[in-house]
Amino acid sequence: MFEAIAFYLFAFLTISMFFIAVTTSQALHALTALAAGMIFISAFFFILGADFLGAIQIVVYSGAVMALYAFGMMFFDTTRDIKEKKGNSAIVFGLSTLAAILIVVIFAAPMVSGTIEALYPVVEGAGNTQQVGLVLFTKYLVPFEVAAVMLLVAMVAGIVLAGKKMDLSLTLMSDDEVMKLKNEQNKKVLL
Amino acid sequence: MELYLYIALFSPLVGSMFAALFAASPKTSIAGIVPSFLLFVSFVASTILLVNILSGGDVVHVEMMTWMATGNLYIPFGFVVDQVSVTMMMVVTVVSTVVHVYSIGYMDHDKSFNRFFAWLSAFVFSMLVLVMSDNFAGLFIGWEGVGLCSWGLIGFWYHKESATWAANEAFIMNRIADLGMLIGLFLVYWNTGTLQYDEAFAAMPALAPEVLTWMGIFLFIGAMGKSAQFPLHTWLADAMEGPTPVSALIHAATMVTAGVYLVVRANPLYELIPHVGLFIASLGAFVALFAASMALVNRDMKRIIAYSTLSQLGYMFVAAGLGAYWVALFHLMAHAFFKALLFLGAGNVMHAMHDELDPFKMGGLKKPLKWTFIMMTVASVALAGIYPLAGFFSKDLILEVSLIEHHYIIYSVLLFTAGLTAFYSFRLVALIFHGEERYKIFGIHPHEAYKFVLIAMSPLLLLAVIAGSFKMTYFEMVTAVLPATEYHVHSVMMYWIMTIGTQLFVLLAIAFAYKKYANNAIAIPDGSSKMENRLCYKILKNQYYIPYAYEEYFVKPYRELSDVFWKHIDMKIVDASVDGIANIFYSTGEKTRTMQSGNLSTMLKWMVAGTVALLSLAVVYGLAVRYSDEIMLILSGLGVQ
Amino acid sequence: MLDHILSILIFFPALAGIFGFVIQKDSIRAYGIAVSAIEFALALWLWFAFDSSVSGMQFMEQIALIPAFGINYILGVDGISLFIIILASFFTLIGIASLGETKDEKNMIITLLFLQMTMIGVFVALDAIVFYVFWELSLVPMLYIIGAWGGPLRVYASVKFFLYTFTGSLIMLVGMLFMAYFYYQATGTWSFAILDWYRLILPESFQLWLFVAFFFGFAIKVPMFPFHTWLPYAHGQAPTIGSVILAAILLKMGTYAFIRFSLPLFPDASVFYMFPIAVLAIIMIIYTAMVAYAQKDIKQVVAYSSVSHMGVIILGTFALNVEGISGSIFLMIGHGVVSGALFLLVGVIYDRRHTKMMSEFGGLAHVMPRYATLFGIMMMASVGMPLTINFVGEFLSLLGFYEQSHILTLLAGIAIIVGAIYMLAAYKKMFFGTVTNEANKNLPDVNKRELVALIPLVLITIWLGVYPKPLLEPINNSVEAIVQLMHDKSITEEAKSRIPNLMSDIEITRTSMQEVH
Amino acid sequence: MMEIGLNHYLVLSTILFSIGLVGVMRRKNLLMLFFATEILLNAVNIAFAAISHFYGDLTGQMFAFFVIAIAASEVAVGLGLLIVWHKRHGNIDLEHMSTMRG
């Protein structure tokens, strides 16, 4: 009973937050709604007993990712409304709805839902974090390490891309100057 | 004896190769003398073989080597010298030796002298292969070989458009017949399992009559081409574009008789199918008359002789078709001698007249060309069948055969043709040698041919006179392999009436020809006289419009159809549809490149659309699997398997 | 060395081609001739060591490539492929030796050596995947030869050649994969080895589909009507050497593959499709002969005549008896020699006048008598004169098919008429008459370099026409094995009756047979 | 209705996913587009977690972890690129990015 109420409540909240995030014309609103939606999602993880995943969700998304977005937005002019040319919304919503229905049909089909088997069953008598640790550091050790390297690479890439030549505004320079700069830098990553 | 066989067969080949060595170099008389000598050697070897056969020796049968062997098929290069082939060998070697020597004189001034002998000797070799082979495949080798050499020799003066055209016509028309021959061969092989004469003929009586009939028909189609029977006859007259010795050797004495030889050789087959034989005889009689009629009005010396050849071939086919194979072969032999003589004489006239062919432009040549006159007259008398020359014995025999076999229509046609033959032969002789000397208008000073040329011709002259006397020896010899039916009119009275009647008829025709053409004031046809405007004259003059019809209804449509096939079907349909398919892909790319507008938003929309499409496929597939039984049920209800 | 002679035959020219890049430009021709001469000598050695009384595969080599899927590097040679291999090495030698003034000679010779590798690879491969790889690889050097050294339309021609044949072989590849899959279903193991496939008996319905899939690949290569239109373009634009190799060897891949794959793998389907294919072959024979007659360009005449002759080969193949198949294999050799020689001859005149239009010529027999003679001999061989190489093949092919259908053979026999028509007409236009064109007045006759290439071809043409036994015997043995195999494998009544039973002891057929359902 | 099963979660995940799709298709501002992709990833994560729970298998959770890791890297690199683009062109509007026009 409690589970059902929680599910429907958070489902409603999540959907509405995300809906705001994709429809609002204010960047700040969107960001805020997204962050809220992320937190609400972690609630599902807790309901599902994936405590560790829920914690990670809050830490990584609501913490790191949102902060990153927030910092990123500082570079842009976020206060003004985002003017977007509206396309044919019928196509957009139609396609999305269709995709949703199809996915549901596929997942609900007996031949798919009936044939899933547990590869790494839940270990009895251990907490979720412990279980995750057991699997992550045995079966998924190599992917885990690769993911770690990937994050490192992503970090370096982010710094290089965003951080270089912070003092110069390429926007304000004329094309000739940019070209000159490019020639001086001689094949350094600029653009 | 085998050695003599090989000598007889291969010395012409050696001669041909010897002459071919000099083909590209300027005229050397050695290139003519050596092949002639080698042919003489071949003749001597053939004579030895003949003597061997005559003296009761065994038939010489050799198998030189395997030619083709695969599956059940086994074809060797096998040669047989029996009574039939030795006769043919004698004819071929005698005539060709004479023609070779004659050509040394005739082709004296031709710059392609050497090439001529290469071809001519090659022809003799092919002809010998044809007659000596012991199987159908070997026969076919010779068959095609003589066709090739005939092509090369008709088109010998290749700078002349008419010559090359005639060469190609002859080759292609022969090919049409060769197809029939080839099919005949296939029939023989698949029904008897072999192409060897003896084995195949031994197996034939056991076969179904329809199969034998088809076999006989197809083989005869082959014979029709080589022997220029209607409707494949037009090439022979056009083939007169070749040098005259070629006409003498190939288109009178040897190659054109190959068809008769084939029927004679296949006599065990044609014995079994008398109805086909009757057809052959009827066609032969028809061609005899048909060709003779065209010879009546022609103004080209060589063509007249060619038509006469055609007509005589008709006689031979009558004999062969009626089962009198030995008679056919006998006429073949006698005809070869006097017809070759006639042609060689015509060659002398042509030389004297600077290649003029129209007898109306000659006249009175008997003085400058005395020997030629004698020879041609004798040959014409022989052709007309006057006693005691060769033609009488052989041709009268054919008339008797048709009478005895109760084919009176054929008999009367042949009798009438005999009169026509006499008429046109002596029309020619009269126009050339008698009457006013019309050639003087053209400022020509005719002179007799070289001495050695005349001497070379003399054996033929002799044979044309005496060949008839070999009749009984010959009969005894060949009936060892051919059906020995003697043809005697039952009552002596009847025989004499018939013979004398025929002779009188022929003599009358000769007299008529002389009367009309040997006087000084003959009407040179110039299109004005009343006779020339008659329909039948026009038809005859235009050879029944058959060459015209072939040109109009076969050659031209073929050319046009080829063009249509190429320009419209191949280019516009077949190739265009291939390019069309390629263009569909190309234009699809062209059209859909707008999808790649570079606008990420649009591309994202396409991406989602693609995802939706894939998902729907998955759903459809899942449903189809789930309900496959029901779907099959519905489909089977609709009649789909 | 004899154990690996097939691998050596394949890879020696390729390695030599790679080394060719470091050879000086001046000596590349000598190098090319030396390499191809060694290759030819090796091929002759193969013939010498070949035991012609054995009907099965000889000199087999096997190296596992992808054992999990049964893909192995298997090579072998039998009477069917032996002579095409020799022909391929022979023509590469002749081609390089007679190479005229060519720009970028070095690359041309290297390309030819690579082409040789692929050609020999196709004919010795006994694994479908290896076969397919060489089959497709052979397109690449040819694409270069046409595209880089060709005439004005070379890009169109080469792309058309490439895409057209490539499309066909992709369909063939699908067929091969299915075939392997069926084999897997039947036996539980994967195999792409052709000899393994031979043992598989497929139900008729499977055969029909797979036959069609293979048919597309082969028919486009042959090329059969109506898939032939790439050929005139390719020949028209290709340089002489390209046309020679294309006509002499590459086209034979299609007909060879019919005998190697279609017939023994799908005997019932072969019988089922025999008449449709025979009708196509007859259309090919007559129709393309007529198209050839309409051509104005001598090279196109020869190109279309190739198509016409390939029709006879196809007909012989689908005679499904020993006579017909042996004849068609022999005709492959014969047509290779003759059409190769004819293309070389066309190249001779093209080198001198830089035109191939027949209307530009006329009376060439006066100025170039030796050339006219050689051309005449080859023309007569092409027309199918007895005692030349083509006649043996044509005769046997038609003879074989006569057992299957009389009427169709009669129609196909028209080949000997229409063939004579276009060839004689072309010869007349080029060589007969008087020299009318000033440019032709002083043409030099065939020179030594050209004679080196042409004389051997003339000799082969006549030698094998007079004495075909050295070739026919091994061919016959291998063909008997194939025919017996087909007879044993066939399921339907009709196939049993159409394919003769030779009742001889042939080893491949005696191995186990499995039914698949 | 009251018993929450796997299908409930899957439907929820699908709804969120299609909201994300709407965002992806509708948004012209690159930053907003990034937000939409985050929604897509999160929707999938829910499905993973739910399946993991209902089948008693941890593989789903593992996948969700890696998805999060990938999302984080994507944000880092993507934002970096975005900033460079903004510096160069002064906007981050999709409509102006059409250099890949075919």
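The first chain written gets the first letter, and so on, giving A, B, C and D; residue counts start at 1 in each chain.
Everything below uses one rule, namely that a contact is a pair of C-beta atoms (placed from the backbone, for glycine too) under 8 Å apart; a residue touches a chain by one contact, two chains touch by 3 or more.
Keep in mind it's a predicted model, so treat the numbers as computed, not measured.
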Where the centre of all protein Cα atoms falls, which chain's Cα centre is nearest to that point? C
Compute the distance, rounded to whole Å, between the mean C-alpha positions of chain B and chain D. 90
Let me have the rounded angstrom distance from the C-alpha centre of chain A over to the C-alpha centre of chain B, please. 94
Chain centre separation (chain B, chain C; CA means) in Å: 36
Taking each chain's centre as the mean position of its Cα atoms, how many Å separate chain A from chain C? 62
Find every residue in chain D that makes contact with two or more other chains and list them. 21, 25, 27-28, 95
Hunt down the residues of chain B that sit against at least two other chains at once, touch-wise. 601, 605, 608
Two or more partner chains touched - positions in chain A: 87, 91-92, 95-96, 99, 103
Chain-chain contacts, ordered by label, are A-B, A-D, B-C, B-D
Touching residues of chain D toward chain B in the complex: what are they? 21, 24-25, 27-28, 94-95, 97-102
Which residues of chain A touch chain B in the complex? 87, 91-92, 95-96, 98-99, 102-103, 105-106, 109, 111-112
Given the complex, residues on chain B that touch chain C span 23-24, 65-73, 137, 140-141, 144-145, 148, 151, 155, 158-159, 161, 164-165, 167-168, 171-172, 175-176, 178-179, 182-183, 185-187, 189-190, 558-559, 561-563, 565-567, 569-570, 574-575, 577-578, 582
Can you list the residues on chain D that touch chain A in the complex? 1-4, 6-12, 14-23, 25-29, 31-32, 34-36, 38-39, 42, 45-46, 49-53, 55-59, 61-62, 64-66, 68-77, 79-84, 86-90, 92-93, 95
Under the touch definition given earlier, write down the residues of chain B that touch chain A in their complex. 601, 605, 608-609, 611-612, 615-616, 618-619, 622, 625-626
